[in-house]
Structures are given as C-alpha cells and as structure tokens.
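Two complexes, one shared chain (chain A), two partners (chain B, chain C).
After this line comes the complex of A and B, so read on.
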C-alpha cells in the first residue's frame, strides 16, 4: 500500500505497522493530502501500534505538518495506540517541528536520530 | 507585543514591522500573473532563495547558518503559499535581505478588501497572543472542526519552530489591499569570526 506523487512516496508495511515517507511534500491543503491521510488513518485503526519513519522526508509544508498532528491527536483519543515517530537530526524541519508531537500526545515515542 | 500603527501614507503596520536599512545583499523576485496554476513553484522558489544566500550565511552566521537556511526555505514556502491561496492571482513580490545580524524575507500581494480584512483579524490575533499557545489551540481546534481551507499553522510555526518574528503592512488601494508579510530571523553572531 502506498501513495506516490512526483517527488514523494508514502508506503505502508502492514507486517511492521510502519509508514515510511520519502521525498518532499508540499501539497495544497487538506484536499490534496486526503489520500495520504486515509492511508495513515487506516494504519491507526487496524492495530495497537503504529510507526512513522520520517527520516527520508526532506520537506513538509504546514498543511502536511497539520495532517500529522491531527492523526497524533486521533491516536491520543483512541487511547490504545502505541505511536512511534522516527526522525532525523539531519533534516531541518524534523528537528524544528517533530518535538511538538509529544505536546499533543504525551505517550508518543519520539526518536530523532 | 505591539499594536497596529497607522503610518503617514495611510498604511497599517502590525507586529515586528521594521524594513531592513542598508542590507548587505538583497534578492527580489516579482511574479506577475498566473500563480494559481503553478502551486509547486512555491517550493522551488523557497529552495532557490535559500540556496542563493547559502554561501553568505555560511560566512556570516556561524553555527546558525543551517538554521537560517531552514528558516528561509520554510518561511518563503509558507508565505508564498499564503499569497497564492488568498491573493487575487496577480503580482506577488518576494524580497529576501541579509544585513549583518538579520535575515528578513517579505512577500507582497494584493487581495480583495474582505479577504484582507479577514487576514488582518488573524494577524492581529497572532500579534496579541503567545505563538506556542495559539499553535496548540489551533491544532486542537482543527482536530475538532475537520479539514478547512487553511490549517492556520504556517505563520505560527515560523515563530514557534524557527524562532522568527513577523510583521505586516496593509495598504488600501482603490478596491483592494496591498499586503506585505515580513518574517525575520535574528542571527546571534557569537562564536563567528
């Protein structure tokens, strides 16, 4: 399962419950992010654990950041989701914005390598 | 936080509005028509501006060079996206300047009066509040209300995540309003040569 565009890919591995992101994501608002949001939403619904590997995602605009925050809040509300987010110190936006996720879901495991 | 100020020529300025005097270097790009069909160029423009100042920041910003480059890429992309979303599809002017300890980037566009009024209300709220509190509230509100035209996070995250400050200028024209949004980053030069 994956969603691909000109310069990005989001792929889901059902065995590990992991979504891997790569490229640059600068889509225009919630409508254009909907296919990715649906893919990630399904990953949340199916099981008790969910991992996002963002290390290869070089850029994400604020509409995309908002999408991820919304899903983190949904996971918090579901109550039984073990969320793990893996980022990279070498990717500027990740060092700047990923830390906010633990404000929305204190139990979220954030690893910025 | 500052209050809105009315200048001699009738323009309203809000927030940290201080055009840079005597920049060491400046880049100005004007796009005249047809932006709505070229959404993806906002990102390419942001990459270009960041690349344009890379050597200068490396030479002058010390350990903050990478942060300043990331600020430029993010701020230009968000501000141009906003101008495309809320403007009239006409001219957009992007200006980026470096002066000693500061990097400033501004985006100017023209919007219909009612759109400009809504934007002014939003920026007055940003100027009056604490950016991190507003960001957390906005994200929680987005979760309750579902998808809308804009996430409202672009400007706030320039402040909360990148340490930038923002200023705005609204200039009434015949039937529309010329809007300039300016983001600036203070560069602490301690530790540089």
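After this line comes the complex of A and C, so read on.
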C-alpha cells in the first residue's frame, strides 16, 4: 500500500505496521493530502501500534504537518495506540516539529537519529 | 477526519435532549444532577479540544516559521553563490542564466548564425618564462579585464579565456541580426587593437618591456551553440567548422593584425578598409577560405549614402546609383531604397 507523487512516496509495510515517508511533501491543503491521510488513518484504526518513519522526508509543508498532528491527536483519543515516530537530525524541519508531537500525545515514542 | 473542536453526534444529542427537557419543565432533581454531570463532562471535552486546537495552531506556526527561516537562509546562500559565479561568466551569459533564459542541462543546443572571434598575445609563452608569476598574473589580468570591458561594450559573449587567448562570439540571442553582429564583432576587434598602447604603458609599470601585440581572427557562419559537457560539468559554448575557421584565421594573422574571412567581410565591406590576403585551407572545411586583413575603418558610410539624393525647394538632384547584387551591402541597399522612395514621393507631389 502506498501513495506516491512526482517527488514523494508514503508506503505502508503491513508486517511492521510502519509508514515510511520519503522525498518532498508540498501538497496544497487538506484535499490533496486526503489520500495520504486515509492511508495513515487506516494504519491507526486497524492496529494497536503504528510507526511513522520520517527520516527520508526532506520537506513537509504546513498542511502536511497539520495532517500529521491531527492523526496524533486521534491516536491519543483512541487510547490503545502505541505510536512511534522516527526522525532524522540531518533534516532541519524535523527537530522542533516532531518534538511537538509528544505535546499532543505524551505517550508517543519519538526517536530522532 | 473530525476536527478536534467538533461535537460528536452523541454529545450533540445529549445536549439537545437536556435543552428540550428544560423547555418542557420535565426536570426532576435527578435529571438536573445527571444533566449537570453531563454538561461538566462536555465542557471538559470542549476544553481539551480547545487546548488541542491552540497547541496545533502554535505548533503549525512554529513549523512554518522554521521553514520560512530555512528558506531565507538558503536564499542568502544562493545569492552569495550567484554573486561568486558572476566573476566566472561573461555579463551576457550571467544575465541569461540568472534571468532563466538559458537551459543549464547538457544537451540543449541550437544552430545560430554567429560571428566568432579569437585572439592571443604575440610572444606570451616566452613572457611566462621571464616574468615572476605574481607580476605575470597582474599583467594578464589587466589585459583580460580590458578585453572583457570592450567585449561587454559591443555586446559579445566571452566563451572562454585560455591563458592569454580570448574566444568571443556574437549572435546567440534569438533576435540577433547576423549582419549587425559581424559589424559589432569587427568594431570590437578594432577597439581592442587600439587599446593596446595604453595597456602596454600599464605593463611597463609592472616592470615589463614586452611589446604588446595581439593576433585576431574573425569568421561568420552557422555554428552550434549551447551547453556541452558531462552530466557533472557543462560549458555554454559553440562548436562547428566555422569556429575552427576563426581559430585558424587567428593563427594565420600577422602580429597586430585582424584577419577576417570572406563571409565576415561580406557583412562589413562598407564599414572597413581591407587588404585581400588570399585563400587558406582549413582542416575539416571542404572549400578554401577567402581572407582579408582589416586595415582600418572607412569614413562614415551614412555620409556617403545620404548624398544619393539632394533635395531642394522645387525638386531634387539624384546622383548615379551603382547596384550589384553580389557587392552591395544591406546598409547600402537600404540607403538606395530610401533615396528612390523619397524621389518618387517628390515626383508624386510634382504631379498633383
């Protein structure tokens, strides 16, 4: 299962319950992010745990981070989701923006490598 | 996905039931207690939603600010790089790249009717063996600076400097007029030659007694212009038999001279005085190339052509016109056409 465009890819590995992001995500608004949101939403609904691997995601615009924050809030409300996010120190935007995810969901496991 | 501030259908139903019961006076003490508890839970939920919304707002703003700041830093870096790049490119090429009219990818090229200029300094190799590197660098840079300034003034594109050699071309722009380009190229060469006295004086200031003379070769014709190179390194340059002819003319030129081909001469014949120098054979070019040495500029051509027709109050005097489809230049044709048109207009006035 994957969603991909000219310069990005979001693929889900069902065995590891991991969504791997790569490239540059600069879609316009919620409508254009809807296919990715559905893919990630399904990963949340079907399982007790899920991992987002963002290490190869070089750029994410504000509509994209907004979508991820909404999903983190949803995961917190579901109550039974073990959420893990993996980021990279080498990608400038990830430092603060991923750190803020733990403010939405204190139980979220964040690993910035 | 639902927004964090939206009430669920269930919550909305509970609220509506409570409001209906209030309106109908059906509230018992138990209902009131239960309702108060539900309202408190709803208020807590809404408070949590508002907290999430506020946090999301500030986090998204923080994310956007981070991106904007990074973008601004990258822009500064790009500006600094472009500024450095300016020193390695001709002003025309720099302008076209930064203006976005040149496709930087290797492989983009087109055929254009160009005028190609080559020059080198006579005896420069010997000079490199006798002058200190730092002094040599000052001498060469002062020379190339002056050549580049003159080239810029005439609108040429510096293809490259190869040591003391200079390669320039005219006519790669979409709208370029090949005739005007050939004329500008030859005028540039004349100005370069006449600038050497002052440069030689400057070189004496560096302690050199070298007599500064250059050889110049110019040819006009179709060449391929564009980006050539590997995937990692690309040069905006020209290639083709006509480029080789220009280089060969430069080698063939006497020190201090300007040697042009027959195809260039055809476009500047009314502009410069020349001396025929015979034919040369260039490797890879099928036919021998006619050569001419430029000996100086002709007196202003406009003064001559304007005298074809002398108008006065009651009529005009027309001088003899000589036209040869092989010899008469574009400029001369225009002058003849203009004079004949004006003469016809005066004749029409006389008839009316």
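Here is the rule we use: the second predicted complex is superposed on the first by the 113 of 113 C-alpha atoms of A that agree within 3 Å, B and C clash if a C-alpha of one lies under 4 Å from a C-alpha of the other, contacts with A are read in each partner's own complex, and residues count from 1 in each chain.
Rule of thumb we're sticking to: a residue touches a chain if its C-beta (ideal position, glycine included) is under 8 Å from a C-beta of that chain, and two chains touch if they have at least 3 such contacts.
Because the structure is predicted, anything quoted here is derived from the model rather than measured.
Enquirer: Please tell me, clash or fit, for chain B and chain C sharing chain A in the overlay.
Expert: clash
Enquirer: Where does A:74 make contact in the superposed view: on chain B (first), on chain C (second), on both, or on neither?
Expert: Both: A:74 reaches chain B and chain C.
Enquirer: Thinking of the overlay built on chain A, is A:41 touched by chain B (first), by chain C (second), by both, or by neither?
Expert: second
Enquirer: In the superposed arrangement, which partner chain does A:49 touch: chain B (first), chain C (second), both, or neither?
Expert: In the superposed model, A:49 contacts neither chain B nor chain C.
Enquirer: Comparing chain B against chain C, which has contacts with more of the residues in chain A?
Expert: Residues of chain A touched, chain B against chain C: more for B.
Enquirer: Name the contact category of A:65: first (chain B only), second (chain C only), both, or neither.
Expert: Both: A:65 reaches chain B and chain C.
Enquirer: Let me test your reading of the model: by the given contact rule, A:17 touches which partner, first (chain B), second (chain C), both or neither?
Expert: neither
Enquirer: Output check: A:28 vs chain B and chain C. Expected answer is one of first, second, both, neither. What do you get?
Expert: first
Enquirer: In the combined picture, which part of chain C sits where chain B already is, 57-65, 129-137, 201-209 or 327-335?
Expert: 57-65
Enquirer: If you lay the two complexes on top of each other, which residues of chain A touch chain B in one and chain C in the other?
Expert: In chain A, positions 59, 61-62, 65-66, 69-70, 73-74, 92-93, 96-97, 100, 103-104 sit in both the chain B and chain C interfaces.
Enquirer: Which chain A residues qualify as touching chain B in the complex?
Expert: Per the touch definition, chain A meets chain B at residues 6, 24, 26, 28-31, 34, 59, 61-63, 65-66, 69-70, 73-74, 92-93, 96-97, 100, 103-104.
Enquirer: Flag every residue of chain A that touches chain C in the complex, lowest number first.
Expert: Touching chain C from chain A are residues 37, 41, 59-62, 65-66, 69-71, 73-74, 92-93, 96-97, 100, 103-104.
Enquirer: Under the definition above, what is the set of chain C residues touching chain A in their complex?
Expert: Against chain A, the touching part of chain C is residues 1, 3-4, 52, 55-56, 59-60, 62-64, 66-67, 70.
Enquirer: Which residues of chain B touch chain A in the complex?
Expert: 39-40, 42-43, 66-67, 69-70, 73-74, 77-78, 81, 85, 135-136, 139-140, 142-143, 147-151, 153-154, 157, 160-162
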